[in-house]
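Shared between the two complexes below is chain A, which has chain B as its partner in the first and chain C in the second.
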Partner chain A sequence: MEALEAVILTIITASTPLLLAATGELVTERSGVLNLGVEGMMIMGAVCSFAAAYTTGSALLGILVGLYAGVATSMLFAFLTQTLMTSQVATGLSLTLLGLGLSGLIGEGFTGLPGVKLESIHIPLLTDIPFIGPILFGQDILVYVSLALIAAVSYVLFHTRIGLVINAVGNNHHSAHALGYGVIRVRYACIGFGGACSGLAGAYLALAYTPQWIENMSAGRGWIALALVVFSTWLPGRLLIGAYLFGTVWIMGLYVQGLGVGIPSQLLSSLPYLVTIVVLVVISGNRSLIRVNTPAMIGQPFAPER
Partner chain B sequence: MILRLERRSQRSTLMAFLSPLLAIGLTLALGAIMFVALGFDPGKALYIYFIEPLTSAWSIEEVVVKAAPLILIGVGLAVCYTANVWNIGAEGQLTMGALVGASIPIYFPDWQSPLVLLLMLVLGIAGGALFAAIPAFLKNRFSANEILTSLMLVYVAQLLLDWLIRGAWRDPDGYNFPQSILFEGWQVIPPLGDGRVHIGAIFAVVAVIIVAFMMGRTLRGFEIRVIGTSPRAGSFAGFKGKRVVLFCFMLSGALAGLAGICEVAGPSGQLQPHVSPGYGFTAIIVAFLGRLNPIGVFFAGVLLAISYMGGEAVQVELGISDKTTQVFQGMLLFLILACDTLIRYRIRLVSPGR
Partner chain C sequence: MSTSDMRPDDGSEAASGAYILEARNIVKLFGDLRANDDIDLSLKPGEIHALLGENGAGKSTLVKIIYGALQPTSGQVFWQGAPVTISNPAAARDLGIGMVFQHFSLFDALTVTQNIALALKGERDLKALAGRIETVSADYGLPLRPGALVADLSVGERQRIEVVRCLLQEPRLLILDEPTAVLTPQEADQLFVTLERLAGEGCAVLYISHRLEEVKRLCHDATILRLGRLVARVDPQQESAASLAKHMIGTDVAALRSGSGAATGAPLLELAGLSMPTDDPFGVALKSIDLVVRSGEVVAVAGVAGNGQSELFDAISGERTSKSADAVKLAGAPCGRESITQRRRRDAAFVPEERLGHAAIADLPLSENLVLTHHAVGNDVVRNGLINRGAARDVMARVAEHYDVRKNLTDPEASALSGGNLQKFVVGRELDRKPGILVVHQPTWGVDAGAAAFIRQSLVDMARSGSAVLMISQDLDEIFEIADRIAVISRGELSEAYPAAELSPERIGLLMAGTHEKAGRDAERGAEA
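Entry: the complex of A and B
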């Protein structure tokens, strides 16, 4: 029972950053924008949150700074793609390259330093319930934030006016524009939301997952988050399931290694990447599944005719 | 004041030429600010970064050694991106080329013949090309996004190399270091002259010429350009988008594989856990900075090679982190994309209220 509890706890830890980043990207893509810079925003969130938490000693401040770092980097992307109308694919790629480079430079002085750990909450009585307590009521705050966010996104996208506008902009920006909605403004906001979520994901990595700074510590999670959005076919519910499935795959490798089975550790480490490829193939190969929810305008720039 | 873009009636040729220069200028300006922020004399740092590598014979040779793989890979990626095919896994294809090519000296350490080197190069090319064919196949057959699959395969290739080099391929007399045996004789690419420059540099120049010819003068090049600008028009002309995807991936994979085996059989002389300092990713910047044009890629490759050298130089001479190299490279790509807007648009400042 205790072993199972430990496994579930680590799965949650591995899934949360994926869920956070993918939630943000889902909203960005719903508005018709493909931001391939998730990895870059995430790693900037990680390094900035680590630096802030280390200097001030406050994990909460670290989270906040990580969030801002994500938003700030995403605004670079937004300015280029929305105002200067650059290619979204190329700009997203360059955001990732820039983020990886800049984070390496910022983080250099912090390598190997003991970080500030984001403490798990403890509710008397509730958290003390065996098994269920630590899993349901003993997580750190970002785990609850990630779950609340995906629930909120699901609600907003399908039950509110704002969601309707986002979907309209993502599915036909000319019609949305004709109806008087500010396409560019909506997209700026959605890109910013994506940046905030990626920043939080980075903060989670640097404050909760491994409370220290390691160069390239995002290890492709930003890219996997992008794949998760495809996996979810742009539906929040499936995104939640997908993130936890991938978190499980990520963790499984570690446990199998611990059992001392004669499988090379490198094969186990490559599992998340291989599974991502398989999942992309299975989902993308199914035309009808993909077509229903793919935002029709994804990746296309919007230039209002004046 | 509001920034407003006005579409030009046609692409500005002047701006197409000026935009990379403008981007380089802005990158240097931002770089100067970065050095001031880090507490260093910006003039001195920039001099050491970008001028000093060109002032001694030794460092010029080193620039050539670093430019060769960047140009090889960059030329292939330029073809891909022209066709709107997004191969960003060149780093993995490079690793795979290095790994497959190096299998010859590792399994036949005593075999010495010119054939060995030839076989290594051919296997390197084949390894890269076939590895690149995976995302192309997955895209054509299952419409799986090639950006994500090609990138995921980078991690897979690197982990495969890591596994081999810590296991079956480890040098038994290497004190448990994760590296293969040292290659020698015909297992190494002969240097040109007595320096570190080797025939990889010639491959790069030849690749530039061949690809420039292909893109400008052949039907295949025309097909790639048409599919890239308008897949619909291409299909009316009888061009097959899927064939272009496979061709572009395998071409760029082959060139990346060649770059990989040239690294291993050239400067390194053995298989190590990291075949390149990220040439496969830097080549993305090279391709864009070079306007997706083979000749442009050549100059861009040289510039980015200098930035690698400069990064090492400022670390040694001023104690500035060589991580600045990646920052420079990232900023450069970002700014080149921003400046490219000027090719298609005019920027006007309009006062609000019109």
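Entry: the complex of A and C
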């Protein structure tokens, strides 16, 4: 029972950064923008939140700084792709490379220092319930934020006017413009939301997952988050399931290694990526599912006629 | 911006009489191009006013200025007699101007209600809106299911969404851009009834069309543009279709010479039981299509857009291969599984619908675009696997000269040509090969009347010289002008090909709506077998 509890707790920890980053990217892509810079925004969030928390001693301040670092990085992407009309794919890739390099530079002085750990909440009585208590009521704040965010995104996208406009812009930016909606403005906002979520994911890595700064500590999670969005066919409910599924696969790799099963560790640590590839292949077989839900304008720049 | 400072005082009407909208001395420059050059337009409430002109005459530019999508370089728009600046489409809608676009501004992945809600700024309660959509659409005879996904609707139904969307805003002026281009004759009649009723209720209608019979039937007044200038303001009831066309073009349109009646020979293109499923949720599956096109005749496939025309073209050209080789025969040879190039080698040529991006690559020069369809079929443009640029340019120059492709450079990129000139090039490119079998899709889409007449004449001449010509088109006038036999495609099924003389537009309209006697044909075939 205690072993199972430990496994579940680590699965939650592994899934949360994936869920956070993928939630942001889902909204960005729904508005018709493909931001491949998730990894870069996440690592910027991680290094900045670590630095802020280490310097001030406040984990909450670290979270806020991580969030803003993600937004700032995403605004660079937004300016380049939406205002200067650069290619989204090339810009996103460079954003990832920039983030990885810049975070290494910023984090140089922080390597190996003990970080500030984001404490789990403790509700008397509730958290003390055996097994269920620590799992449901003993997580840190960001776990609850990630779940609240995906619920909120689902509600906003499908039940509010703002969500309708985001979907419209992603489905046909020419029509949205003809109806008088500010396509570029909506996309700036959605890119910024994506950056904020990636920044939070980074903050989670540096404050909760492993409270220290390690270069490249995002370790490809940004790419998995991107794959997750396709996996979910842009539906928040499936995104939640997918994030926890991928988190489980990630953790299973570690546990199987720990149990000394005779599988090479390299194979196990590549498991999440293999699963990503398999899932993408399986999903792309169902073209109608993809076409109905895919934001039709994804990756296409929009330049209004003057 | 607030609504109130755009809405003129109701008291200041006197200056311009009873006009609801007046545009004075409108000039719009795009670089050096004078898209609108000193144009005046005025409409009274309850009037259906036609705006006529060739492609490139400046109709769309003028309308976009009125709808706030473009700003005039100079000139002034008056609304109910007071000068207004319509800075964006939302401002136009606030004034009471509604617009139905030629290329619909709809969202495929959203429902009818969601689409309409997006145009109504204050609308929060989608359930109540769905109810209003049902009431208004039924009231005006344009039934709509509010919960349906736009992707699942026919083109005619999509247009209804746009019209109903405008009606819900209780417009004072409704602008329609080529509204009947995508409709069956019956659907068009229904639209006219709606427009007449709207006009009767005092709404002004600005009606853009190049279908002159329609304009004569529906409109009370007409403004005619040519090359960005206002050339005439006439009463369409007092004009003939020919006199209206003369105003639009500046000269008389050449009448078509069809030569002697079709002397048909051997079947060159045969489709037998051609079926093709679709894996695209927005596509149409082809269902057991039979068709024979003989040497010397033009056969047309009529139909409303989105009923399987593109899929049919792809299946014949080899862009999509069929499971059975016998489903498509070119000059007697089964080739249902062959590639486009293999089919071209069988003396067939194909002109797809989209000229830019499908028939031609935008940023390649014309000579290289020519190589793309000629490389396997002679003309020496490819020798020993290498492109012979000199020969390619020679053939390109010959096509350009013979088919009157107007260009500024010797070998410009395809995107540098105007739509009509590029269309003449992509049609001429295939005709130059003198193919035995020619399949063309929408040969004159968006081409001005002069060039269209020329292309149609070329197709007829091609057939009279012994080729089999299959033309897929949505333009009924064009079909009746040149086709010897006509088949109608509806939801992926093709009717029998009837001699053109035996069909009326009304009968074609019924066939388009999908009421052809497939069952009867099947029974006949069973009896023959």
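Basically, the second predicted complex is superposed on the first by the 306 of 306 C-alpha atoms of A that agree within 3 Å, B and C clash if a C-alpha of one lies under 4 Å from a C-alpha of the other, contacts with A are read in each partner's own complex, and residues count from 1 in each chain.
As a convention for this text, a contact is a pair of C-beta atoms (placed from the backbone, for glycine too) under 8 Å apart; a residue touches a chain by one contact, two chains touch by 3 or more.
The shown structure was predicted, so the numbers you read here are calculated from the model rather than taken from an experiment.
**Q** With the two complexes superposed on chain A, say which partner A:Val281 touches: chain B (first), chain C (second), both, or neither.
**A** The answer is first: A:Val281 touches chain B but not chain C.
**Q** Using the touch definition from the top, say if A:Thr10 reaches chain B (first), chain C (second), both or neither.
**A** Neither partner.
**Q** Residues of chain A touched by chain B versus by chain C: which partner has the larger set?
**A** Counted on chain A, the partner with more touching residues turns out to be B.
**Q** Once the shared chain is lined up, is A:His174 touching chain B (first), chain C (second), both, or neither of them?
**A** Second partner only, chain C.
**Q** Identify the partner contact of A:Ser87: answer first if only chain B is touched, second if only chain C is, both if each is, neither if none is.
**A** first
**Q** So, A:Gln257: does it touch chain B (first), chain C (second), both, or neither?
**A** neither
**Q** Looking at A:Ala303 after the superposition, I want to know if it touches chain B, chain C, both of them or none. Which is it: first, second, both, neither?
**A** first
**Q** Given the touch rule stated above, what does A:Thr127 touch, chain B (first), chain C (second), both, or neither?
**A** It touches nothing on chain B or chain C.
**Q** Based on the superposed arrangement, let me know which partner A:Thr210 touches: chain B (first), chain C (second), both, or neither?
**A** In the superposed model, A:Thr210 contacts neither chain B nor chain C.
**Q** Can you pull the chain A residues that chain B and chain C both touch?
**A** 287
**Q** How about chain A: which of its residues touch chain B in the complex?
**A** So the residues of chain A in touch with chain B come to 36, 76, 80, 83-87, 89-91, 93-95, 97-102, 104-105, 108, 220, 223, 226-227, 230, 264, 266-267, 269-270, 273-274, 276-277, 280-282, 284-285, 287, 290, 303.
**Q** Give every residue of chain C touching chain A within the complex, in rising order.
**A** 69-70, 88-90, 93, 101, 104-110, 114, 117-119, 124, 151, 279-282
**Q** Could you pull out which chain B residues touch chain A in their complex?
**A** Residue positions touching the partner: 3, 5, 7, 81, 86, 88, 138, 141-145, 147-149, 151-153, 155-156, 159-160, 162-163, 166-167, 281, 284-285, 288, 321, 323-331, 333-334, 337-338, 340-341, 344-345.
**Q** Of all residues in chain A, which touch chain C in the complex?
**A** Touching chain C: residues 161, 164-165, 167-168, 171-172, 174-176, 178-181, 287-288, 291-293, 296, 305-306 of chain A.
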